[in-house]
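Got a structure for you, questions after.
Going in written order, the chains are labelled A, B, C and D, and every chain counts its residues from 1.
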Amino acid sequence: MSRSGHLLIACPDQPGIVARVTGALFSCGANITESAQHSTDPTGGLFFMRVAFHMPALQIEALTTSLNELAAVWQMQVRLSWPDRPKRAAIFLSRESHCLLELLWQHQTGEIGAQIPIVISNHADHGETVRRMGYAFTHVPVSKDRKQDAEQQQLALLQDVDFIVLARYMQILSPYFIAAFGKPIINIHHSFLPAFVGARPYERAYERGVKIIGATAHYVTADLDAGPIIEQDIARVAHSNSVTDLKAIGRQIERSVLARAVRWHIEDRVIVHDNRTIVF
Amino acid sequence: MSRSGHLLIACPDQPGIVARVTGALFSCGANITESAQHSTDPTGGLFFMRVAFHMPALQIEALTTSLNELAAVWQMQVRLSWPDRPKRAAIFLSRESHCLLELLWQHQTGEIGAQIPIVISNHADHGETVRRMGYAFTHVPVSKDRKQDAEQQQLALLQDVDFIVLARYMQILSPYFIAAFGKPIINIHHSFLPAFVGARPYERAYERGVKIIGATAHYVTADLDAGPIIEQDIARVAHSNSVTDLKAIGRQIERSVLARAVRWHIEDRVIVHDNRTIVF
Amino acid sequence: MSRSGHLLIACPDQPGIVARVTGALFSCGANITESAQHSTDPTGGLFFMRVAFHMPALQIEALTTSLNELAAVWQMQVRLSWPDRPKRAAIFLSRESHCLLELLWQHQTGEIGAQIPIVISNHADHGETVRRMGYAFTHVPVSKDRKQDAEQQQLALLQDVDFIVLARYMQILSPYFIAAFGKPIINIHHSFLPAFVGARPYERAYERGVKIIGATAHYVTADLDAGPIIEQDIARVAHSNSVTDLKAIGRQIERSVLARAVRWHIEDRVIVHDNRTIVF
Amino acid sequence: MSRSGHLLIACPDQPGIVARVTGALFSCGANITESAQHSTDPTGGLFFMRVAFHMPALQIEALTTSLNELAAVWQMQVRLSWPDRPKRAAIFLSRESHCLLELLWQHQTGEIGAQIPIVISNHADHGETVRRMGYAFTHVPVSKDRKQDAEQQQLALLQDVDFIVLARYMQILSPYFIAAFGKPIINIHHSFLPAFVGARPYERAYERGVKIIGATAHYVTADLDAGPIIEQDIARVAHSNSVTDLKAIGRQIERSVLARAVRWHIEDRVIVHDNRTIVF
């Protein structure tokens, strides 16, 4: 019986790494279907690699052993991931549903290959739509003075979840929540970061008179809108576009940028290093 | 004998403006070849209009009189411009010549329909190239403690000039210079403003890990990189691109963005209002 | 009581048209909120204009009379349209639902301001989804030898409809159907026309090794994929993309291109002339 | 003493290839700085790989021997290329100089790392400009009835040349010439292929009413405009753009697309397979 796998490695760069890693895969009968690598600097930098492969299920233990040996010798971080055990995502939203709907839709057409056990919102608005589409929805109201309670309630719902997608969730997660969850959180920010960090980016883009607006998907860190950027995209705007127009144009960018970022995360294409991402 | 003209107007919006302005043009035998308008808000906002037309030269005085009458009644700002009297541009640069060369090249193919009586640089590097292409070049060194002298020397060279293009001129113009020159100055900033205002934008874009870089052409004001944006454009970059790569990719964007902005300025397509531009 | 209106005119170009048309609007108390014009050639060409305006409902008859007078004198085609009487659209699809879903979704958020009284498909697949979203769905099977019957059945369903959107409807409409319907039909073709007219465009794009794929929204004429183009867009692809990848990437382009074209049609922004479109 | 090298391989896909090739490089002291691979189909398809590396000059012979051994066993095509021996390009043009100027300019800034021993044109127009920039220029007139003579004269000038760039050369090369030259020829076609093959593409794009125009760089084969596509790009156009406008907009695309294609060819990034290109 054969399985598909993704291997991600990171280590100090030095001659022979590719030969050794691909040698280990070959010895265990793996056939490489996709491979990409990046070196921050061939002399003394860091080396990153992603390999997609098929291999006999029986050999998986042998591969793990080989890779652990390499890891020990080469100060290598190794991550193995198996697409037949899909990641589990929670989606958070507030009042605007376009990003959520895009994700659910791409989920239903198979383009987003995760499980989505739960959708959480601080508003009840979209509960019926979400449930009718066949997903679980939980309304967790967030009030200013009881935010901590809300976060506890959210955390209790996330025990089985591998990552969170903030699909236009308009509450700032506390550093406590981020640390307690301890797994990746992907946010869509409705501007071309680092321009217009924080609130009301379309209003501020309008005031500044920019000719292009954008959206940014990034991993959440304790610093607001300052985490590693996964993907960005833009659209042209003109003097004739009002703030309302910018928001409508922006919605199209936000949902496609977020969906791409989520898909890449699911396919183990994203490595974070030094607050930047390598997207293989 | 017939002449081409450009008419720009700005006034409080109210019914009948277009009818009156086009009526005045019609009475003077003008044939409208291009027309565009913009209203910030149809009730109580501002109205902007650009008309390109051909008309008999003999009627120009009559048109001017009609427009002045309208202007007095409707609180209208009126600007008439005649393409057969081309604007005169001075180009400033420092060490990088790609923006200058693009402008000179488009000038030679007729795409940039201005006169370019002078090129000024704080470095002597490109003097020979510029002169060989048939343009006047003046080297005005700028040292930190004698910047004022340099600016005086520049101003003396600019008496016959209608606007300045800063084609990667790496000195900050003093508020004194800007006020003393008193006419439009177009700058190319090598980032997607308002991201990365100020120095070293490509280095900072690299550090922030953006997936898209850009360039911005804007009118210069006393606030650094905060003047009205005329045009912006972008290019995708990847984790594999070094700062050197970003600079090379960026050069292509800078020169095309600046050339478009200069062309639009020359064709009287740009109106500044409230630190934003209307580009007709 | 005030109403919004759209005025479209087409006539031989000559001096004074804009003055006269805007004069007629002004006399009837109309306030112009948007205006655009195009001339194929200022001397002896055709002139096109779109004006959006607000005006007192009481004056509508007077405006119609004025415009009819102008039309008679100036060989002018005049079209008046009132957004408060929304157009009625029928959407056709086959097995792929992404274009339909995008339209229904934008309809629900108000971005597509038409009524959608009916969705018709030659397959039953998406009936339940469509009905659950609150729209009428009719399954009209089309077999090769009884296509005429199917078209009769479709026509009977379309009596109250102003235009048809072919949202990936994979049957070719007969010239008879097109003539019998006699109103606009918008199609989305899954290639960058005129490249890859006809069947299997993604397969052929893959075989040709193009680096960019596209989609085209156009009005349907009796000539396959040769009608006036309303909108096109593209996405970059690479050697690593399979035909399946091209189709997935293409779906994103198809749905946004079609939605833009439908929106522009609804807003009376599109004029057809000489098998080309003017999009104001 | 160390040297930079590029290795390109093509062979039937099977497990272990990457391990063996990178093993051979490692044994000869090579440090891989860039690596990319592509498989048309992991089971029974073809495998392609490009590796950029540094290695001790002394070991080059050993590497060549190792690779030849692998090539024999694995039916592998192997190409080794050394950037310190730059390729030699001839540039052909007719009346339009924008593509030529872009190439010469990027050559002078070091972005195009080839030698350019000769520029050939069927018109004398640009001879002076080219020579003043420091390049050799030969005028080879081409008349309909003496085309063969002209091609003989051209071939005599090309004996030391590795590839030809047709930078808007408006003559069709004969199959004889293509075969006799026997090395790569890169052409820029001024349309988005396969749309508008052949003459007058901008005129035909205008007539068809497309909303986007493009340019295509491809390797020349005996079939007109049907060779493997290296790169394409596009720009939006509107109903207001005349054919002259399309040509002006198109020139910007043509020169940047051609320059990218030439750069990738020089850097050994392009592999042709089955009339398609893999661009690493």
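Quick note on the criterion: a residue touches a chain if its C-beta (ideal position, glycine included) is under 8 Å from a C-beta of that chain, and two chains touch if they have at least 3 such contacts.
Note that this is a predicted model, so its numbers are computed, not measured.
Relative to the C-alpha centre of chain B, the farthest chain centre belongs to A. More than half of the residue-numbered contact pairs at A-D reappear in one of the options B-D, B-C or A-B, namely B-C. Rounded to a whole number, the gap between the C-alpha centres of chain C and chain D is 41 angstrom.
Taking each chain's centre as the average of its CA atoms, chain A and chain C sit 37 Å apart.
Among the residues of chain A, those in touch with two or more other chains are 34, 240. Across the complex, chain A is touched by residues 38, 192-196, 207-212, 214, 228-234, 238-240, 275-279 of chain B. The touching residues of chain C, counted against chain B in their complex, run 14-16, 18-19, 22-23, 25-26, 29-37, 39, 42-43, 54.
On chain D, the positions that touch chain B within their shared complex are 34, 98, 101, 105, 109, 111, 132, 240, 248, 252, 256.
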